[in-house]
């Protein structure tokens, strides 16, 4: 329907793109990013893409603003180069936590991102675990959202989990843990945090549920600086948990996150490879394990191209 | 900036509109809804609205589809009648629970509603407690979302609450209870429901937190058929609660809801008057108390017209 | 060009959809409409439609507002389910008589309908005999309008028509009768109605032309409550017609229409099956004859899919 | 609301614009049209229009294509010159007879005109007697349509009309005559034309109604080449009319129209001054009388600016 | 991908279209342009174009406004006739010199043209040598711009050029001459003109560079009235050039251009056949030589259809 | 018309914003930029902007991508905070040199920037000296472009210029020098560079015009790394110039530019303060002189707000 598949990679996570291409048995498309002295970028697509079914892969990874603009510029270049269809493959969606107007006069920036991507010329989006499922509604173009929970649970279930309790570090983020607790058939506990003044930092007040003598398995959709995770871990241990593990779809690990996790009592952290595990961020990554979602993305790209169901891939 | 304020009411909740106009000291605008034998509707605006700052009030109330189309037709009529600005005042937003694609090949209908309202010609929306705050991001026009929690908590706090526990009937809906628990300084408990097969009805499995000997104050954003509420009440009582009360922003009370609540052990239900408390639905409404949000809406309309802050009205 | 044909039916006229599918030799697509207690609807497309050439069939039939919203929601679901192309098949177009601003501050609702259908995501529309041909111009997407006159005239011509006069019940609706009078080679007569005050009910004043001793064949594009038709029949009989028959493309037959026609001196009424002939409306339908347009629609769907001329189908 | 009124005139009918400005007591805005050797045009607005409420007047008059492009270019120039609001005043709307797709693969060009005018940047349109009222629905911006019938009937009623019959020259155009017949309280007659092959020239077949010994008052919305009018006049005289007069809103009088009317048995033709009565078209204009609609347009411009009702101006 | 190629020609340059079709080995599509007495046009596409890959060819040629509207109407007709894709082939783009706002309150009409073409429904544009390369950015649809310099230089290089100097007639237009000077390996000279008052006619002040005893080869993108060219020629001769030749992509030759060139000392003028060489403009065309770009356009149409690179065609 | 003026500054050049506010006699609006650990940004507008006429000031300055996204996010926040009008004040426009498709499959990124700014919600743009005047046509919203040449020439004319020659460093960039040469009444010279292979670095081949014994005044619209300027200076000196000076509107001075200029034979460089003169870039700025355009911007903001002519400000 849409010509041949062509896969191009932005500069955010080329290893991820290469693995997808291996799964697809396709070469990665040739393109070039030039950065001028004045920091303007030039994206040069170096092969013909007319009437091709193009997938451009770019998770939101530091430098974040450069990555977003590189994506928009590339999509614009592909559109005017007459690609038949452009799917923006964004494993980790930028600004997905800016998804609501929780104080006056702020931008719902995840929505702005959707608008910018549509304006640049994307025809579809393929992504993984948006911070809130409503973000899919920010787009007027079709969005396929893959879900990592089956893969993560499959990996978690390879070791005995009988003493585990699934823990959410905030009531506001608790909605996701049912997905894990149901699959693993585990009880849940939730840290009840309160914000006592507007926009003040929330303070853990109570652990709703029981972790005494249990292994707390803290679940979140992403781990950024690790601050929330480490506080939750300490809170659980103080409430009697005998161990703490963590799982999250997106391992951002910004700033000193890896160092802090290495030095913490957390035993292990499971994530996907939606983001590069940057050695540059320093710290040891020994406790971090990544489950690859590249095969899942490759199958989704094939399904989008062939017109078969994407939903069935992650059920 | 936008001419004089003119307030028009759809047929969904004229009493609500009248109260707002009383607060504003303005007459309600004249309009007429004609239903033809073939069920097509004709909306006739019966006074000049050129260059006026028009507010059209229509919560989503049965008959729901008629109400939505009446709203779209009225907005279209106002636009082509040269209103300077049209604000759709939608105290209870239609399809707000259809806010995500939680199974394949369904519509995010809340987003579709936003698109239809923009297409019809609304310049702004004023609403109350959307099911999810992300729905605000479904609009490209400015949306003011009022929050009823301060008014509801103020009313709740008029009686002693020392033995109360704020209860969420589902982890997925738990995010809102922090808003109430913080204001009332109460502990929380959450019913852990699980879905064991796709789209099967979720089953309550565990009460996370403790309600033994306490009054369970079940909080939700809306009460429709009352099924969820009654199950939650029974679950709390079975786990030792000594009494159950409920509070919700939107009292939909569809079908036999009022009868079921009257016959249930629930002591009281507090809602706002965002929707008419239809005697037609049968059953006694003795246990239902409504806090009026009409003064809040009137002040918001003034603020929108005058260009003063809306956020400060409900802080 | 657009994948395989898939035909889905809304709940307005499933029999019509089934007949079309029989003509096409295709199974009807699986979908499900759920009505929640609060009257919100959920449309679930139950089979993969990615890259398919989807036709969704829904004439405007009571309950009209529900039918319109069901159509918009289904189109939105299909679009986000990645259908390659969506053609809204609307044999009887909603609000087609609200096609002009004949008084101040009303909506041209047929235009609004066109806008809403485009917003929801339809790529094309296939319809039958719009009330005014200009309505086709309300769309920015391609519209194929089929014409029933050839089929209706073919059926009428099966009995001798030598004493027939084609009659229009209003000058304002007279433009269509030439289409019938020319094909059947019959003379015409027109009832001259006048509106003596704004928007007052028009009063028949004069029969322009002659029906004395003739059979008046009253032609209209639709019959709703039947009031206009019955007045026209009485007027013709009072001016000397010896019999009255009627033909109209769309048999809406709302309210007591069927009963009134059964009790009237009208001998027969010919329509198409663009709308279900609801037994629920009571009254006998013995005088009503329906010519099926389903084969015509099936051929049009094939032509749209194959890229052959639609115009030639009804010439 | 929209700054001061500024009125600019295109080159189509400057006298019309001047008369409107006289009624308004305003000077005509300064602008200049330069035609380059290669026929490209340059429109130079020669005074500041920032934040002004601009009305640009241009009926569709020969050279028609130049006039349309001049209008689009001027609107674009005004928009980018930061006019607060731009109302395109188009007394005779271009391509208003191309309002339907009456054969395959043609453009509904009146709709295209609406789209082009919106694209260029007009915020509103003010026009007079569109060929079909549905054309108003081709716009997404507000359109005020003035009606000339009251002024024309007022003028007609200044002489005795007791022996007059209002005649439509085609069933397809008959819908407008009710407006005149009701106001003047006259009977009607309609020429029944038939098209015996596709797109062939229609042939008058029958006069429905009676004009014997009467004065036929032929009504149409416009007179272009005069061919239709002259044929209708001959047909009426052949059916026994003792005299023929005519009235039409728009006097296009293209080609040899004025000469043919001068040489015809038609006694008089009444039109408005929506178009210039070009002496250049040759022929005597002695039989033509123009009723000015410039005062009506001036009052409509004031009403649009002041936000008072336009509808009341022509009732 | 887009059905079969169908090529239609507007009335601007049918010979150009015919030559392209010969190169493609395809018949020219059947269409008809009717001009009504009132100067409105009707475009009738006389063959089925559903799902076809349609190319419509229309350079901007006198009568310019008629040609632009004919193009817009045809595109609209093709779109609503369900063409799969419409490429507007515009060898000489209208209003390409109105590409900037070089004085206040004027239209950037080249941009308006882009907007109008998109509004009418074109999916792509194929053109030749835009006056400024930035004009390509005025479009949101893909634009392929062919470049005539290789063909023109190839022809020029067939005669010895050793004494030639490439001359630009204005600094503002000098940017293009590098393209020619580099390919032909010739020195350059530039006429330095100055505008001493706003928008006054620029006056040649100085010849930067040296043409003494040389043949001045004046390069421009188009020759309209020839005034600029003749002045430049005189200026070069006055500065010692021994001969003058000229080359330009687009030979507009408006008004008395051909006569003036015939009477001038210019030895020869080389252009492409992007525009018809109208004998109607009078004057001898003996000095004019046209290099055909029709084969280049035919190859570009094939490349667009087949999805192969267009850029490589003119490198 | 648009409420009170409120001026907000992005983080690119706060000093520039402060100076504008001083000229306007207005306080700078309060806003806050928060950078999260994961590099996402939050813009918080800290005062009510409803119905205000907001100007947001952000030239494109390093870090460029962050600055662009900060601008888009701020505009989005202002729009949803109900600002009456938002003018993006962008003294140095990002990606203005990416204004054409000079090789295949690249983005016209200046056009993309225009699209993104419109999508985010800006109503107008105010800028200074775009790289090409056509860029103004990339916008559908009104753009006011200020010109610095009058101010720069005024400053240059304060010292004797009798031996100066205005020099363009490339034919492709020569169009701007006429503006300076005319105002200063100086002769011109142009460096003729050639590109001998695709996209290779151009090589200076010839100096068209004469600088022997003169002071070369090299003019450009911006100085980035300084490479082009330094090569032009060396070329002029090698062709006999006795001194070199430079003037450019935008002083980007990226990388080692200031150091290289300090070490070069160039005597002085005149620019505006459209960009901060970053000491962080190292090197001495002794040779750099900045003419402030802040008063010009302040007057333009007032004119936009008051609806007076902007063009007159810089004539």
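Here the chain labels run A, B, C, D, E and F in written order, and each chain numbers its own residues starting at 1.
Note that a contact is a pair of C-beta atoms (placed from the backbone, for glycine too) under 8 Å apart; a residue touches a chain by one contact, two chains touch by 3 or more.
Keep in mind the model is a prediction, meaning the values are calculated, not measured.
Participant: Among the other chains, which touch subunit B and subunit F together?
Facilitator: A, D
Participant: Out of D-E, E-F or B-F, find the interface that copies B-C, where copy means more than half of the contact pairs are identical.
Facilitator: D-E
Participant: If you fit subunit A onto subunit E using only Cα atoms, how far does it have to rotate, to the nearest 5°?
Facilitator: Nearest-5 rotation angle for the superposition: 120 degrees.
Participant: Could you see whether C-D or D-F has the larger number of C-beta contact pairs?
Facilitator: When D-F is set beside C-D, the one with more contacts is C-D.
Participant: Which whole number of Å gives the spacing of the CA centres of subunit C and subunit F?
Facilitator: Comparing mean C-alpha positions, subunit F is 61 Å from subunit C.
Participant: With chain centres taken as the means of their Cα atoms, state the distance from subunit B to subunit D in Å.
Facilitator: 50
Participant: Between subunit A and subunit B, what is the gap in Å from one C-alpha centre to the other?
Facilitator: 33
Participant: Using the touch rule from the top of the page, what residues of subunit D touch 2 or more other chains?
Facilitator: Touching at least two other chains: 48, 80-81, 101, 103-105, 108, 115, 309-310.
Participant: If you connect every pair of chains that touch, what shape comes out? Choose line, ring, star, complete or other.
Facilitator: Contact map by chain: other.
Participant: Give every touching pair of chains, nothing left out.
Facilitator: According to the stated criterion, the contacting chain pairs are A-B, A-C, A-E, A-F, B-C, B-D, B-F, C-D, C-E, D-E, D-F, E-F.
Participant: Okay, in this complex, where on subunit F does subunit B touch?
Facilitator: 2-3, 48, 50-52, 79-82, 84
Participant: If you look only at subunit F, which of its residues touch subunit E in the complex?
Facilitator: Going by the criterion above, the answer is residues 99-105, 108, 110-111, 115, 132-138, 140, 145, 168, 171-175, 177-178, 181-182, 187-190, 192-196, 198, 206, 208-209, 309-311, 315.
Participant: Help me check something: in the complex, which residues belonging to subunit B touch subunit C?
Facilitator: 36-46, 48-49, 62-66, 68-69, 72-74, 76-78, 80-81, 94-95, 97-98, 101, 103-109, 112, 115-116, 119-120, 224-225, 252, 254-255, 257
Participant: Where on subunit D does subunit B make contact in their complex?
Facilitator: Subunit D reaches subunit B through residues 1, 124, 142-143, 303-304, 306-310.
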